[in-house]
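Pasting the structures here.
The same chain A turns up in both complexes below, where it pairs with chain B and then with chain C.
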Partner chain A sequence: MSELIEFTAAEAAARVRARDIDAGELFEAYRERAAGDELNAFTWVAPESPTVTADGPLGGVPFAAKDLFCTEGIPSQAGSRILEGYRPPYTATVVRKLSDAGAPLLGKTNQDEFAMGSSTENSGFGPALNPWDRARVPGGSSGGSAAAVAAGLAPWAIGTDTGGSIRQPAALCGIVGMKPTYGACSRYGMIAFASSLDQAGPLTRDVTDAALLLSKMVGRDVLDSTSLEFPGEIALPRADDLKGIRLGVPEELTGAEGGVEPGVRKSFEQTLALAEQLGAKVEPCRLPHAPHALSAYYLIAPAEASANLARFDGVRYGLRVGGEAGLTEMYNRTRAQGFGAEVKRRIMLGTYALSSGYYDAYYGTAQKVRTKISDDFRAAFERFDFVVTPTSPWVAFELGAKTDDPLAMYLNDFCTVPMPLAGIPAISIPSGLSDGLPVGFQLAGPAFSEQRLLEAAFALEQSIGFDGSPARG
Partner chain B sequence: MLDRDQVLHVARLARLELTDPEVERMASELSHVLDHIEKIRELDLTGVAPTAHVVDAAGPLRADEPVECLDRDAVLAAAPAPVDGGFGVPSPGQAPA
Partner chain C sequence: MAEYEPVIGLEIHVQLQTRTKMFCGCELSFGDPPNTHTCPVCLGLPGALPVINEQAVRYATMIGLAFECEIARRSLFHRKNYFYPDSPKGYQISQYDEPICRGGRLDDVRIHRAHLEEDAAKLEHVSESGRIHGAERSVVDFNRCGTPLVEIVTEPDVRSPEHAREWLTLLRATLKALGVSDVDMSQGSLRVDANVSVRRVGTPELGVKTELKNMNSFRFLERGIKAEVERQVKLLKSDGAVELETLHFDPATGNLTPLRSKEEAHDYRYFPEPDLMPLEVSDDLFASARDALPELPAARADRFESELGLPAARARELAFRGELGDYFERVVAASSDGPTPSELANWIPQLVERIGSDADPASSRVSPESIATLAAMVHAREVSRDAAREVLTRLVSEGGDARAIIETEDLGALGDDGALGEIVDRALASDPSAAESVRVGNERALGPLVGYVMRETKGRADGGEVRRLILERLGAE
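What follows is the complex of A and B.
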């Protein structure tokens, strides 16, 4: 294995800038690894090394992007057969911003179709595998990005999180994943799932890398009217303790109700003990409506998806089936053949929740629950700096273990859906192993508390000392 | 509990052709998921305002400056059936009712 692979992205960027290592060689080392991908983590890998400039703030360190980020002239299929071979005529803002900051695109990564899933098994291009155990899922929907970073096939990657799709795969693959505040990153060029929830964020080997990558992703973009000016610059974290930090532990998301496995629970409690040793004050807190977040999410996200996915109709891009049979038939058949089972399920659920006679009872109720969830967090943050939970109730599960029961699969998101409903940021860091598989620890803070979250996560990370090297083989 | 007719009605709204086995499976899976979701209807939400979006900013306007738009040929290159510089579609009149 090339020793270049052992540097974190931030270390590699510093060495490239100091001319200790060559940016072109770094790209080629990763390109070779990505091209030899045995995890089905990539859906496209750069065919050759581009001319890399070493001078940008990201030091020429290449990144991988989830398939749903549009990249001009490069396949962007959102994990769906309905977009097979689609090469967009434009590039997503966050991808362009990273390129402008000196990070070339290494490849596109596998994902659950249209980001709907928690295992990457819903990809139209086959499941991605977990580098800790290839019989297990990497989580999802940004499973390809998580597997690629964990296995050292990419220095760092970007994904999107709608109900946990960055944090949960990061947890299951033993890496860091951050969902920023809603509006922090432009959604322009992200193939939409649920527009009021979708947010781009980094998947990285450590917290420092997450801070560096995120620092170049955020900012208001005229092409996304929901994007916001990020207050201040994101700096590399330096905190070495948690003195004065108050951590709230919501019983609703950490107890038996969420089905948290004993091994995950143990790692979570060990991390809380470490946090106390670092000076944090750890106390129970209440998020009374959090257990209802999953229900609200599985109405709101499918409702928005059913509208967003109406655009896949065989007219402007992608698959067309039955063009000879008339317009409506063409719509019906194109969508029947192009969409996978989970996407169809969510379109049906969302269409039903928005249909006449059911709108108020389902979608309307879910929107009110969403308000209560935001209120719960607001109240919690009056007493606490952060709310902490396990990221996923369980470690990586075996391929196929949950595919026959949609509801069981949805429970993956139990601890991660409340935050996007409230639009607040959250980060998952590896807290240890349970039966040889990584466990994630999640910290969530108020809107635009990214810097403080990164500092706290960094202090914990130094103290935990997680070793991700086994996944890099 | 969703029945077969409801599934077919929703599928028609969603422009999704379902096979018979898909209709059966959809009825049972969606009913199972909705049974779980139903619990939120037990909450007392009187007087609670709905949240459609967490960002309050109401459609901030950009400066009205002309910018290049996408090249027509580049856009049509991705279309399955471009016709005369536009997106080709079957005639709606062709469709059986």
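What follows is the complex of A and C.
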């Protein structure tokens, strides 16, 4: 059984299609592991193996989905007590597309409540743990997905990234995570955090798996007006060098301001050296407005969230408290009890930022900064193929280490927030270990440069030779 | 009251009669069992996203073109945030500072803007009165939720309650002619709020306004505005001040009761709807909206006046109620030589008076051909005007053929010489002093003499002809 777990998802899919391994057995192997989850990575695990089609392009290899993807008849709680036990009547487009491509749903994974957080400690259902060190967080908000893939509890998983929620947990768990171009994947059925930033993407053991999974996620969806036709097919990457590739290293995100840890810096610099050996040209670049990205993000995202989360009012679904006490009281009690502290904080921030008299100063200014950040990237991509940074300034930190200091927690996203503000794709790959904990290396490219990003990440990955097996126990 | 004048602006919500809702594929319905036309989108389920209904955009464009608005080729949807059970998302998707239609006019009232939005769900309060106060519980029907709405906002150009009613009649006729809504106030597909203020005649500044909500017929609206104008004038005359507030008009009692004061108005925290791209009106969509425009009531009134020679007031009366205009045109088509269009048109109000002012003549028992026949017979003096009116009354209640009724009932006009002349002679003989008065030029004395003839002929005589005969006989022409 356990050798099944050692195949990457793409290998397993190929073997299933070759009738080398049985799709049902593969599902059951993972189902057992997921059911025995000690990391609190899962919030729901399939009770039995479904009938699996082995012939689809994804070869019957099961996937785990972040809790916030709506799955018909299956709990979809977005990590929130306010949606405890909520079973939607419909399935998210991305989940349906993967099922159609032959990947059955293995389980739903733990996350920060409504994707608000960088450690999964904000989950209403308890924190997920990092398989490299269970005293540490797996990152967030897609921490359950990252932990499950790193620990070999799921072959691969999907998550969502708003300000880094795929890339940062992927980095902290030593796996690959990719945030696609805004609009590449349908958001229909994703319980929204910040609509103009949210984007679904893969969390996988390696770059090849990311390419394979992403290839079946993208595409225009008539149910999501912000989704776009993906130009071309995503192919499995094959590049073995970086010849002719120009990498820009933005001072603003890699200098002292980001507070990058020495171990992380060291791994980052080693990776840059490797990239040069592979033929890349590495030079400093400027993203002058990037240091303001975090401020803009923490106005725009909470503003949108304050409206997106208004529907959780106790009227139609989810938690209702004080139904007998009158409408306003019912609203107050339901939301007071159903939402966690971080969610309340962001609803208040967002409500304030949109308030009459403050809108221009906060939301309006943040949108202007957002435009400047896009312009910065556009200018950078005239000279460089990709902008590279450490994914997270730190390796996985201990549970509770930052829960009392929201601003410190927000700094986690320092290097990952600018990309979703610009709507551009970015990938995080493991670049090595620092004190035994994984470090992530991030590459970001222009809109719809996914294929080129995957190729470059693949070439680097081959050269780095990261070994993730310790996390699978 | 003379030194104050009302200044009135109107806000009109029009439910569009598209097949499906504004942002989802649920069919529109009226009167179906509650919550049978819902889906994740219009129920505001987690993860659901809106998609703009193109037909609603086309209809909004048609409305804008009909009102001579500037159509924004790129406009924005915003979220209007408020908590209430009729708003499942906790916000309404509406247009804010970049609406699809801006500026424009309809007749003598300027249009400020018109924009697209979605309707709310319907709350039912379970209590005897059906009102929220004292209700045991409230339930929500989401069938209406997400119905496409166009909100039309006028400039404060309306100058009286009557003006409001007349203009709204034109507005309704225009929307109906466009075919974009069934504009039925009783079913809520047309809803009107009025912003009312008064000011001293000759001053340019606007007074403090109040908002009158949800008056469900033009008659109530007229009465409500009238009552509010009177209240404000009285208040100002007694050195009081009008307060900014929203009022509910109770047509039963004529009372205006405050709903909420604007001081405690919501901060709706509008911001651009991130789930939708900016709304683009493509060249194709614009062209299809323009090509779908029918002749509108204002243009029709002009045509009735210039081509058919109707007096302006009659032309508007008929054109501003599309069904009257349609019926009139059928009468004109059925009419051969003889009566002028103006003479034909005079019969329409006669008919309306008999079938009820809100009824459509096309669904009455009276065919346009009957009206044409009746008018032709009056024109040829084959039947008197009075007798013809009686025939019309008969047609309304029984239907049938005008000429047949006249013949079987022997209502045909008496000839100008023979029999009628004899009756005229008898009339002169019966009242010599009146006859004498007429002879010396006192035309008022004609009354009793004509009356005598009419009584004798049971109205079959033509009044004009009788006058002519009397004057002729008395040599007083």
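FYI, the second predicted complex is superposed on the first by the 472 of 473 C-alpha atoms of A that agree within 3 Å, B and C clash if a C-alpha of one lies under 4 Å from a C-alpha of the other, contacts with A are read in each partner's own complex, and residues count from 1 in each chain.
Please note the rule applied: a contact is a pair of C-beta atoms (placed from the backbone, for glycine too) under 8 Å apart; a residue touches a chain by one contact, two chains touch by 3 or more.
Bear in mind that the values here come from a model prediction, so they are computed numbers and not experimental data.
Participant: Would you mind checking which one, chain B or chain C, touches more residues on chain A?
Facilitator: B
Participant: Check the residue A:G255 against both partner chains and state whether it touches chain B (first), chain C (second), both, or neither.
Facilitator: A:G255 contacts neither chain B nor chain C.
Participant: Classify the contacts of A:P89 with the two partner chains as first (chain B alone), second (chain C alone), both, or neither.
Facilitator: A:P89: touches chain B and chain C.
Participant: I'd like to know which partner A:S225 touches here: chain B for first, chain C for second, both or neither.
Facilitator: It touches chain B and chain C both.
Participant: Answer with first, second, both or neither: which of chain B and chain C does A:P470 touch in the superposed model?
Facilitator: neither
Participant: If we overlay the two complexes on their shared chain A, which of chain B and chain C does A:M190 touch? Say first, second, both or neither.
Facilitator: second
Participant: Would you sort A:G400 into first (chain B), second (chain C), both or neither based on which partner it touches?
Facilitator: A:G400 sits against neither chain B nor chain C.
Participant: Could you look at A:Y359 and tell me whether it touches chain B, chain C, both or neither (first, second, both, neither)?
Facilitator: second
Participant: By the touch definition above, which chain A residues appear in both interfaces, chain B in one complex and chain C in the other?
Facilitator: Residues 86, 88-90, 196, 222, 225-226, 306, 310, 313, 315-317, 327, 331, 351, 355 of chain A touch both chain B and chain C.
Participant: Which stretch or stretches of chain B touch chain A in the complex?
Facilitator: Going by the criterion above, the answer is residues 2, 6-7, 9-11, 13-18, 22, 26, 29-30, 32-34, 36-37, 39-41, 43, 45, 48-55, 57, 59-60, 62, 70-71, 74-75, 77-81, 87, 89-96.
Participant: State the interface residues of chain A toward chain C in the complex, per the touch definition above.
Facilitator: 68-70, 76, 78, 83, 86, 88-90, 92, 187-192, 194-196, 222-226, 303-304, 306-307, 309-313, 315-317, 327, 331, 351, 354-356, 359, 363
Participant: Touching chain A in the complex: which residues of chain C?
Facilitator: Within the complex, chain C contacts chain A at residues 40, 43-52, 79, 81, 83, 85, 88-91, 140, 267, 269-271, 274-277.
Participant: Any idea which chain A residues touch chain B in the complex?
Facilitator: 86-90, 182-183, 196, 222, 225-226, 228, 289, 292, 295-296, 298-299, 306, 310, 313-320, 323-333, 335-336, 339, 344-345, 347-349, 351-352, 355, 361-362, 364-372, 374, 406-407, 410, 421-423, 447
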